[in-house]
Structures are given as C-alpha cells and as structure tokens.
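In order of appearance the chains are A, B, C, D and E, and numbering begins at 1 in each one.
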C-alpha cells in the first residue's frame, strides 16, 4: 500500500542533511515570497538576508492581522450585532465611532491585573501568549496575493492546521492553571470539541488535496485558477467550493467548531460556565485571549479562502483585497451565526462531531477518491 | 549544512533523557512521556538519515512510529486508569501484589 | 531553508507582540491589593473544595478515539498527495484506491464498534448501564 | 504438488494472516450488532473457526511448498517488506494452533464475564500480528507487526479489570514492553542510519561496508536484540514474564508464553539470519552469536533455578517458560560462519512447535484448576488426580514432556536442539542445556507428585467439567504425544525452511 | 508386523482399561492381557531367527522403516527379535498377565488407573526387548520408568513417596549417564555409521571404526563410554554399590508390582548390558574382566548376606534377587557360550522364580497382613497350597535340580569355569558358588520359621486358604519353572544360537 517502503536498490548518501529525495524541495517555492522580495529590495543575500527579510515580512503580516483584529473586535463586532438586533452601536467617538478602538485598547491595557489565589504560574501567564501565537503562526503560509506570502513550504496547508491547533494547548493551560472549576470545565470542553472536529476538518481538507495533489498553498491556489465552465462568456474558475460543495459546507461547519464560534462556542458559553477558560483573566491577559480568538477567526477564513475560494483570485481588484474580502466574509458569517443560531449542548456537540461530521467527512473523502479515480 | 553526526548526538541525548526519566520517575504518566521521548529520538534519527541517504524510507517509517506510539499511549493510559481504580494512585511502585 | 527562517521569524513576532503588550500594560496598570478580589470566582460563593475536580470519563474516551483517528489521518495524507498523480501515471485503481478503501474500512469497523459500545455517547441511558451491570454480576 | 503461486495471485500467500485479521473484524462487527448481549458460544466458535481455518490454509501452503525452495523460493510482497516462506508458514501454524486452543479454552474461562467479544477480538489481532511478524521482511514491518502483537497482549493481560493481580501484571508487562519497544525502535533507526535501508536484504548487502559507522551498527544490533529479548521473555528483559503470566487470565498466559514467545523467535531468526549475516558482521567485531550464547546460558539457568524455588504452580510454569526461551535461544547462539546453521535453527523452530503444544496445555490445565477454584500452590494440587484423572494425566504428559523425558515430544525436540548445538561445535551450550533440563525434572515432577501421589489435603468439590478447556487440554496432550512419532516431517520442514534463510 | 501389533494392542488395552470403570478394570485388564500372551507364544512357535540380531544374524519378525532424519543420522523404527529377545518377550507377557491377576485382591482403589499403568508398562517392556534402533529402544526404556514411578508411589506402602522418588531419581540419572556415553560413541564413530541402528553401530564398533572425539583418543573414549554405560545399566540390574533403591522399592511396592519389578524390570538391566556393553565392546569388557567379575561376586555374596539379616520376607527375596543378578553378570563376563547363554537363561529363570516368590509372599500377606518372619509361624496348616508352592519356589531359588534355577546356575558355573577372560575366573566362580550355600541357608531358615511349626499369628481375624484366583497364577508359574527346568532347550537352543556370534572377537577367545 505504501509506495515508499517499496523503493529498493542500494541507497547512496547525498552528503548533507538538508537534501531530500523530493525534487521540489529546492530552496524556495515556485512563487517569490515576501521575505525574498524584501531582501532583494534591500540588496541583502545569504542567511543574513533571509533573517532580516523574514523578520520584516513577519512584522508586516502580524501587523496586518492586528489591524484587522482591532477593527473587527471592538468595532465591527458591535456594529454587526447591533445591526442584527436592530440597534445603533458605538457612534460617539470618531467617524462611525471608529475611535472606540483606541479607547478600548487604552482602557483594557490600563486595567488592573487580578491574580486569583492558587493559580498555577507560570502556566497561567504563558497561556495568553500561546493563543495569538498559534493563530499568527498559521498565517505564515497563507498567500495573501500580490506577493504578500511570508513562506511557501511544501507542507504549507498541513503546517497551517498544525499551527492552528496549538491553540488548544493554551486553552488547557489557561483552564487548568487558573484554579477555577468553570475554567477547568471550559478547558475540557474546548479540548473535547477540538478533538471531535479536528478530524472532520483535516479529512475534508484531504478530499481537496486529492484534487490539488499538493500541500503547497500557492499551488493549491494556482490549481483553482483554471476554468471550470464558461457560462455566457463568463469563465467560472474551478474553485473547489464549486467543484466539491459538499466538502465546502462540511469544512465551514468544522471550522466554526474548531475556532469555537456559535453554534459551537461551548468552551466559553457565557450562560453556562461564566466565561469558560478565561473566567479568571483580566486586563491585558484578557485582551490577548480576545485577540487570539479573532485572529483565529480570520485564520479560519483564510484557510477556507485558500482551500475552497481560490485564495486571492478574483476579477478587477488586486489579490490582497480579494483575500481580505473573503476573510471578512467569513467573519461576517460567524457574527451572523452568533446572533442567529442557538448554541448546542455539549452532548449534542460530541454526538454531532463523532456520529455526524466524522462519518460524513469520511464518506466525502471516499466519494471524492472514487470519482477522481473513475474520471481521471 | 549541518553534518549528520550532530543529529545522531541529538537523538542519543533525547534517548538518554527519556531513559533517565524512566529510571527515576515513579509516576506512570511521566513514565509514558519518557517512553515517548525515546521513540521520538528514534524519529529524529530516521528523518535525519532519510535526508542523508536521499530516500524517504526513514520519513515514512517515522510516520508509522508515531502512529504506534499513539496507540501505545492509548493502551497505556487505559491500563493506568485501571491501575488508578485498583490501587488509588498512578505510582508504578505501588503495585506490589506479586514480587518481582 | 529560508522558508523556515521566515516562519521562525513570524513565530518570534507572534511571541514578541503579546509580550510587548504585557510589558506596556504592566507599565500602565495600577495595582490595588485587596482581599476578596483574589478569590477564584464561583458565582460569588466562597469557593469550596479543590478546583481540580474529577470529571466525566467520557472526555477521556473521546480523547482516546481522537488519538487513534488523528494518527490515521496522518497516514491518509501522503496517499491523498500522490493519489491523482499516480492515477495519471497509469496506476490502476486496484493499486491506488482499494488499499486505502480497505484501510478506511477497518477504521470504520472500529468506529462502529466504539459507537455501538457507547464510547461516543455522552450520557449513557440507565437501561444500557443496567444491562452492563447485570452482565458483570 | 503443484506450487500454489501458479494457481493463485501472489498476495494470496498471506491468506493465513488475513484470515486471522478478518476473524478479529468479524468479532467486532458481531459485537457491534448487539453490544448488550453476550453469546459466548458464537464468539468462541467464530474465533476458534477462524484460527482453525488459518491453521488449515497455512498447513496446506506448507505442504504444497508455497514459498519454499522447491517451488521457486520465497514469495515477496510489497517489494520484499512481506516475505512468505517456509519459516513464516511454519510459525503461522504454531500461532494458529495455539490461538485455536486458547479460544476454545476461553469459552469456559470467560463464562459470565463481560467484554467477551473484545477478548476474542484482541486474541485474534495479536495472532495476526504474530503471523505478520513471522513473515516480515523489512525492519519497518517487523516493528509494526511487533507492536500489533504486543498492544493487544497488554490489554489482555490486564483483562480482569477488578483483579489487582491482573492489573498489576498488565502494568508491568506494559511498562517493560513500552521501554523495550522504544529501545527496539532506536536500534532500528541506528541500523537505518548505517545502511540507509530497512529491507533486510539491503541491510545485509550494505552493513558490511559500514565504514566508520561500525560502532553505531553494533549499538543498533544490540538494541534490536534487546527488543527480541523482551518478546521472547529472555534475559535481560524477562522481568515481566513471571508477573504477567501469573497475573494474567490463564488462557492468556498460555497464549503469551507459547505463541508470543514463538513470534519473537520467528522474527529474531529472520532478522538476524538475513539482515546481519555472520560472515559479514562478525569480522566487523559485532559478534551477535556470542551475545546470544551468553544470553541463552544465563536465561536457561536463571529460569530453571527461579522455577525450582516457586511455591505457586503458575509462577513455576512462568519461570520454566523463561528457561525454555533459553533453550530456544540456542537456535541463534550456536550459529557460526559455515556451520550447520539451518539444522540448528530448524531444531529450535521444531522445539518451539512442540513447546507450543505442551506449554499451552500446561497453562490451560492451570486455567481449568482456576475454573474449579482449587488453590494455586503445589499443596493445593495434592490428590487432584483422585478427582480428575484424565486432566491430571494430560498435565502429567505436559510436565514430563517439558522436562524432556522420552515418551513425549519434548524429548525429541530438546534432543534435536542440543544435538544441533553439538554439531555446530557448541558442545558446552548443549551441556549446559542438558544439565538444566535434568534439573528441571525436579520441579516438574513436583506437580506430578502432588497430583498423583500426595493425599488430598482437603476435599475438592469440582463443579461441572468445563468442556471447552477439557477439549483444548486433550488436544494439546494428543499433540504432545503425536509429535514424538510425527517429529520427523516437522523437523525436516523446519530445517529446510531455516536453511532457505541462510541460502 | 506382529511385534508392532503386539505393542499396539497392549497400548490400546492400557487406554481401554484406563477409561474403564474401577469395578471391571481388573477382569478386563486380565482378559486383554491374554492377547499379548497369545501373540508372544505365536511368535515363539513361528520363530525362525538364526544368529545374533546385532551381529548380522537374520532377525525374526523384523521391520525397519525410516522415522526421522536428524543431522546426518537417520532414526529408524527398527524392531525384531532373536534368540535373546524372544524368551524375554514371552517372559514379559506371561508375568504381566499373572501379576495382573494376582493384583485383584490387594489393589482396592483406583483400579482402572493401576491396571492401565500395568499394561502401559508391559507395552513399553515389549518395546525394550524388541527394539533394534537405539533411539526407539531408549524411548521405550525411559517410558518404562514412568508407570513404575506411579505404581510404587500411588499404591505403595507407608514410605512409598520416598521409595518412588528414590527409584525415579536413581534410574533417570543412570539413563542420562548411559545415554551420554552411547551418544559419545556414536559421535566417535563419525561417518562410519549414518544411523542409530544398533546392528550397524555394533558392527562398526567391532570393526574398530571408532575415532577420536574432541581430541579424546578412541581407546579412552571407548573405555569411558563403556564405564558410563556399565554404570547406567548396573543401577538397573542392580549390582552392589547401586542396589540401595531396590529393597525400598520392593518393600513399598504392592506385590504385583514387585513381581514385575523383580521379574522383568531387573532383566532390562542385564539385557542392556548384554546387548550394548558385552556385544558391542567385547575387548573393553574383557579388559575390565577382573573388576566386573569382582563386582559380580560381591553382589552374590553381599546380597546373600544382607538377605540373611532381614526379617521381612519381601526384603529377603529382594536381596536374594540382588545376589542372583550377580550370577548373571558373572555369566556374562565369562564370554563362553555356556556362560553368556546361561546368564540369559538365568534371566528367564530368575524372572519366573522371583515372580513366584513375590507373588506367594503377597498371597500370604493378603491373608495375614504381615510379612515379618517373626510375626507368624505354621502357615502350612492354614494355607497348605500356597505354602507348598512357596517352598517349591524356594527350592527353585536354591537351584534344586529339575527346576529352571538349577539349569541357569549350572550353565553359568560351567561357562564361568571354562572361561579364560582372566586367570582368576575359576576362583571367582568358586566364591560365587559359595553364595548358593548362603541362599539355601537363609531360605530354609525363613521357611522353617514362617511356614512350619505350630500356627501362631496375633490377629483378630480368621486366616484361611487363599482364593482360587490367587493360587492359580502361582501354580502356572511353578509349572512353567519345572517345565523349563526339565527341558531347558525350549529356550536354551535359540539362546546359544544367538549368543555364539558374540564370542568370536579378537581371535583368541572362543
């Protein structure tokens, strides 16, 4: 079954430890990544150039995400919720109340940090760092279009999943360390949920990989550009959302659970377990959790965009804009679900995950494989 | 870039750390973690040398190793659970019904 | 390799930003030590007992299932990668698809068994549990 | 006969293994259909049938010469990572027959216990892993199948969840097993580091030119040997054996001490004979036959002396099986460049087959005694023969056969083994073995004395005769007896299979 | 095929009896054990062998099928009888039946197991006396021990456990020594033999094919092997330094078992000595002639002395059989046609006579529940028939003419006198003959005290004459003894025919 074990013929050493048999494992991917552009512009070469370029690029990407989060968290979220509930949200400070962002930032940062009794430090302090860290790390391989891609390793999409799921470690640390029953419950719930929906997520992604035949995000995106059908002169690109809508739906659902949004926000169900794992957090630590969650939402959006919506591809506007639009669309969707859909119970969640999603995703995988096999 | 011997040293170091953990710890869970360390030392070797030899045999086998490690942990945790139920602790030295 | 240098850089930034914010807030925020505010929150009541309570065994069951299935996905991924190119390379379905179907089939048998034996059942129905106990006695 | 591969596709050669695995799946499905109801008869029947079917197919292949030199040599599947030849089929016969007897006996042992389907399924899975071990041609498959055989065993040893002894046994078995498998994996990785391949044949072709990696290769080989030492319950990884065998449910003790041990030897034989050829490796200073010789002597002596000091029959058997691991190790220890290696290893294989019957029978007898709730020590066995003469007769057969007394199979197999060692020039190994088996008569005859000659200390009330165990024990006894006259074909098959390895 | 049939039938009979209910076991066993008797008598009537089986004579009822191939040596299923084997086969079958019948009274629990084991032992004994392949022979040889162990250990007297273990350990260690010695010889023979076939090995050894092994020169190897095997068999015989297990075993064993033990099992030792040591390595044997003859004489005298000192009738008979075995060894070492032939004949004779003695002692014991000479006297008027037979047997022991014992001892002495293996042989013979005097002494003494005079026995129950099924076996035995005494040529002819080939070696002896 596994072709690799079959390979025979006496092997010979290729000298250094960084060469792999796979020919595509050359220094960089097919696209020129952001650090390369930067180091090229600065005229730097070699490892030093890589490091400088990488740092600058990383800072850029991180700040883009921070900016979007800052926009989304304090302002957009309120506005959207208000719109759904037919209210007018923040509108005093600045145009459309946009300056509330600054105000909130200052307010939260200057709050007192209350450290409850018997918290398990330093775990309690590290947890808030891990959440945004994992979310940001996920963006390293996301092609924003317009050359805005930090790195393009051949394991891109898998890396994104891996980075994204580091978050649960942070959640458990937070819940276990803060010496609070609600926090512990929240942490456990979040773990149970991530476990239950990780597999459907990954398996569904795998069903897309079957089409693309690569993990490299840029190539996945490129694979979606060729035309699927041409209706009335308009070429519909072969986005996998069109090719495999079933997987698309599954993926969105699993993704919602993975990032813990409604209807799957039971880790921090405010009406059941005060605020879940972040009950005991205040001040900047709370900010970091909040930040992390929102970056996660955007990461989920970015993954959906890359896997199903052709990434940055789109008519007229530059790629980066399209990418941002797609990510925001997903954000909008989560907020809509937040206001519209009731939360599931924990047992319902588990049963949906293991008895529904898992089976469906495997069915999807098998079906896709069979179809591809029959067609190709 | 990095000469392959260093990977051997790294793997050996990780392996010895795991071994040390096994020899010194009495908590069954820490014991499990140490075993995982030892297995991962093996993985380091496999991956490094699959790059060195230019075939992917080692990488693939490391995948299998991970899978087996996971299964082992699953069984192990189960046994430790019944251990806890019967002896009220996860201290491996507590089980003394029979002499060694 | 510069791929991974860049990713590492992002990792650094990803740690650096939160730490920076922590430092900034540490400079800004006041500290008003006062008893009572530091007690863990338990709906306003005085906290009773340890916070590290024993929790539902089902959490463990699910974790166990996950360990198995997640690792299986690790084994599925390489196949998805080569599946299509292998087909275009002229390999027959029997070589490419059937083994994976068998693999998944075995997985499914396991899942069905776990399902039927209530491994993924959050609240066991008293009837079923009664039967179990009857069998044990 | 017509070679099989001329009629069936090559992959059909692993049919015995597949049959065992399929049986496990069927059991799981049956349990999934209605988890709340136990049907012991159906479950035991399925697993017994499955293993008997595997036994039949393996035996047929063996007779038809599948994968043996007569019909075009070993059948290689998946580029040589799975090899079906005489050795693998021979050992599959052992595993299947032991599995059949065990599942037969478990029918009574498990009566009104819960989780029966799981029990049988685990047994079958372990058997699958073992037969895969026998036919694994690449270190990767060796490791995977070894784990596939080990993991169910851990669970099975700890099967009696509410019995502290069983749980403790499972824990110790698991701990030692986990460590040794980690060591084993590390050894494999080192060998891979030196040779750059996991296929045994390629390892053999490249290990000779290890160059300045000789040290690493040596460490790797030693570590691999350690992994086998665990599986075969021989020094230095033998600590688990007494605990596991004593605490585990008796059918499982039988299964582990016979089949699991044999599996360890199966894979050890193939790996060391094929991957680390003596002519290539020993000149490099990696003298693994010597290592095994030391291990063999230490193991058999330690096992015998420990067994002689036991008061608990099950534990005595456990230590005696450690001692028998020592005997079987001669099959690896007495090898030498250009020696009659095939004959020696074949003799060891034949001994393992006979041992499979007699030892399984002995442990199943213990299972019967536990079923009757007679005690566990020698004293508790006093006068048992007055109550259950037939069973005690069978036990007597096992005991004397284990001791190597003539009218039974154990005598011939031991004789062949020691004789092979002498032929290989290792007369001192044979001498130590002979002395040890003479000593072993002491503690084996204690059981017989207690059963037949001692007066009953108390009055027994044995319940209804456990039919399944009875049948299994009798089958084992008949096998032990029949293997004396039928030893010829057995040992010839084994030796030709082993010779094919060295060819 | 008749030999296989014989053995198979006996095995089958043992299984059948083992599974039979206790009530009928005794009768069933006796009935079934008649089959081998008939078979052996048939063999006797159809006996057509000439010469010694090991010395290339043609063998009666021979079958030889290859059994298994082990490292260059083929092990064959090779059975057949010659003039030495056949009489022993007949003896075995006859004695087994009689012993089984005589066991009806004393054995009162677990009968089916008892008779099953008796038959199992008989089957293996037949194997021992017919096997011509060393391996087959050894398997049967060892297999005889197991039932004996149980028969003594389960149904024996108060110290049965001790006796059983002693017997088991002694004989097993002896077998190990013997086995190692013989295998060393086979290895020493190297390529000149390709099987463990006894004739082949015997001829190869006589042809002096023996080479050195692991640097041990051939001569040393041969004598070491000879000694090892001699010791191994000597325990079985037993001869003096190794005889200590015998009295315990005899005293503790129930009478029928003692009958088998003394009547047949001891003959295994002498048979093996004859077959292996004295047939295969005559030079070595003659080289060791003096010590062997010395041991033989010592056995004769010392055994007789010990017998003299005993109070227990069974012990008396037991020790006396030690001394009779001494005669047999003496006859064997004489290396003359009469010596060796007489020794073989004496095996039969002693088998019958000691069987008779033990059986009648057993009968008396069944009636009186004591065997102590001092405890009883004047049994004659209570158990006339038994007493008569016992006395007759005793005379047979003393070598009264017209009884088998006389013929045997006469042949032995004749052969020993004319023997030339050592100059001192007549001396030894004379000393051995002195043993007869002692035998006469102690037997007459015991008889006189127990059987005659006024009846005296402290019991609270009535002692009556023995039952019919107890006396009939005795009668049969007595008749056989007398018949053999009158017409020794019934066996002696074929024995001599089989023995003579042994004697041509080295050229000088004849």
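Please note the rule applied: contacts are C-beta pairs under 8 Å (C-beta built on N, C-alpha and C of every residue); 3 or more make two chains touch, one makes a residue touch a chain.
The structure presented is a predicted model; accordingly, all values stated were derived computationally and were not measured.
Taking each chain's centre as the mean of its C-alpha atoms, the one that lies farthest from the centre of chain D is A. Across the two candidate interfaces, B-D and B-C, the one carrying more C-beta contacts is B-D.
Taking the mean Cα position of each chain as its centre, E sits at the greatest distance from chain C.
Among the chains present, the centre nearest to the common Cα mean is that of D. Note: centroid distance chain B to chain D, computed from Cα atoms, is 26 Å.
Distance between chain B and chain C, defined via averaged C-alpha coordinates, is recorded as 20 Å. Taking each chain's centre as the mean of its C-alpha atoms, chain B lies 67 Å from chain E.
Chain geometry summary: the mean Cα position of chain C and that of chain D are 38 Å apart. The set of chain D residues touching two or more other chains comprises 140, 196-198. Annotation for chain C: residues 1, 70, 78, 115 touch two or more other chains.
Per the touch definition, chain B reaches chain C in the complex via residues 1, 60, 63-64, 66-67, 70-71, 73-74, 77-78, 81. By the touch criterion stated above, chain A contacts chain C in their complex at residues 1-4, 18, 27-29, 33-36, 47, 50-51, 53-55, 57-59, 61-62, 66, 108-118, 128-129, 132-137, 139-141, 150-153, 158-159, 176, 178-185, 188, 191-192, 195-196, 198-199, 202-203, 206-207, 209-211, 213-215, 274, 279-280, 283-285, 287-288, 291, 346-347, 350-351, 354-355, 358-359, 362, 365-366, 369-370, 372-373, 376. Of all residues in chain C, only 106, 109-110, 112-113, 115-118, 128, 131-132, 135-136 touch chain D in the complex they form. The part of chain D that touches chain C in the complex is made up of residues 25, 28-29, 31-33, 35-36, 38, 112, 114.
Residues of chain C touching chain A in their complex: 1-15, 17-19, 21-22, 24-26, 28-32, 37-43, 51-53, 55, 58-59, 62-63, 65-66, 69-70, 73, 76-78, 80-88, 93, 96-97, 99-101, 103-104, 107-108, 111, 115, 120-123.
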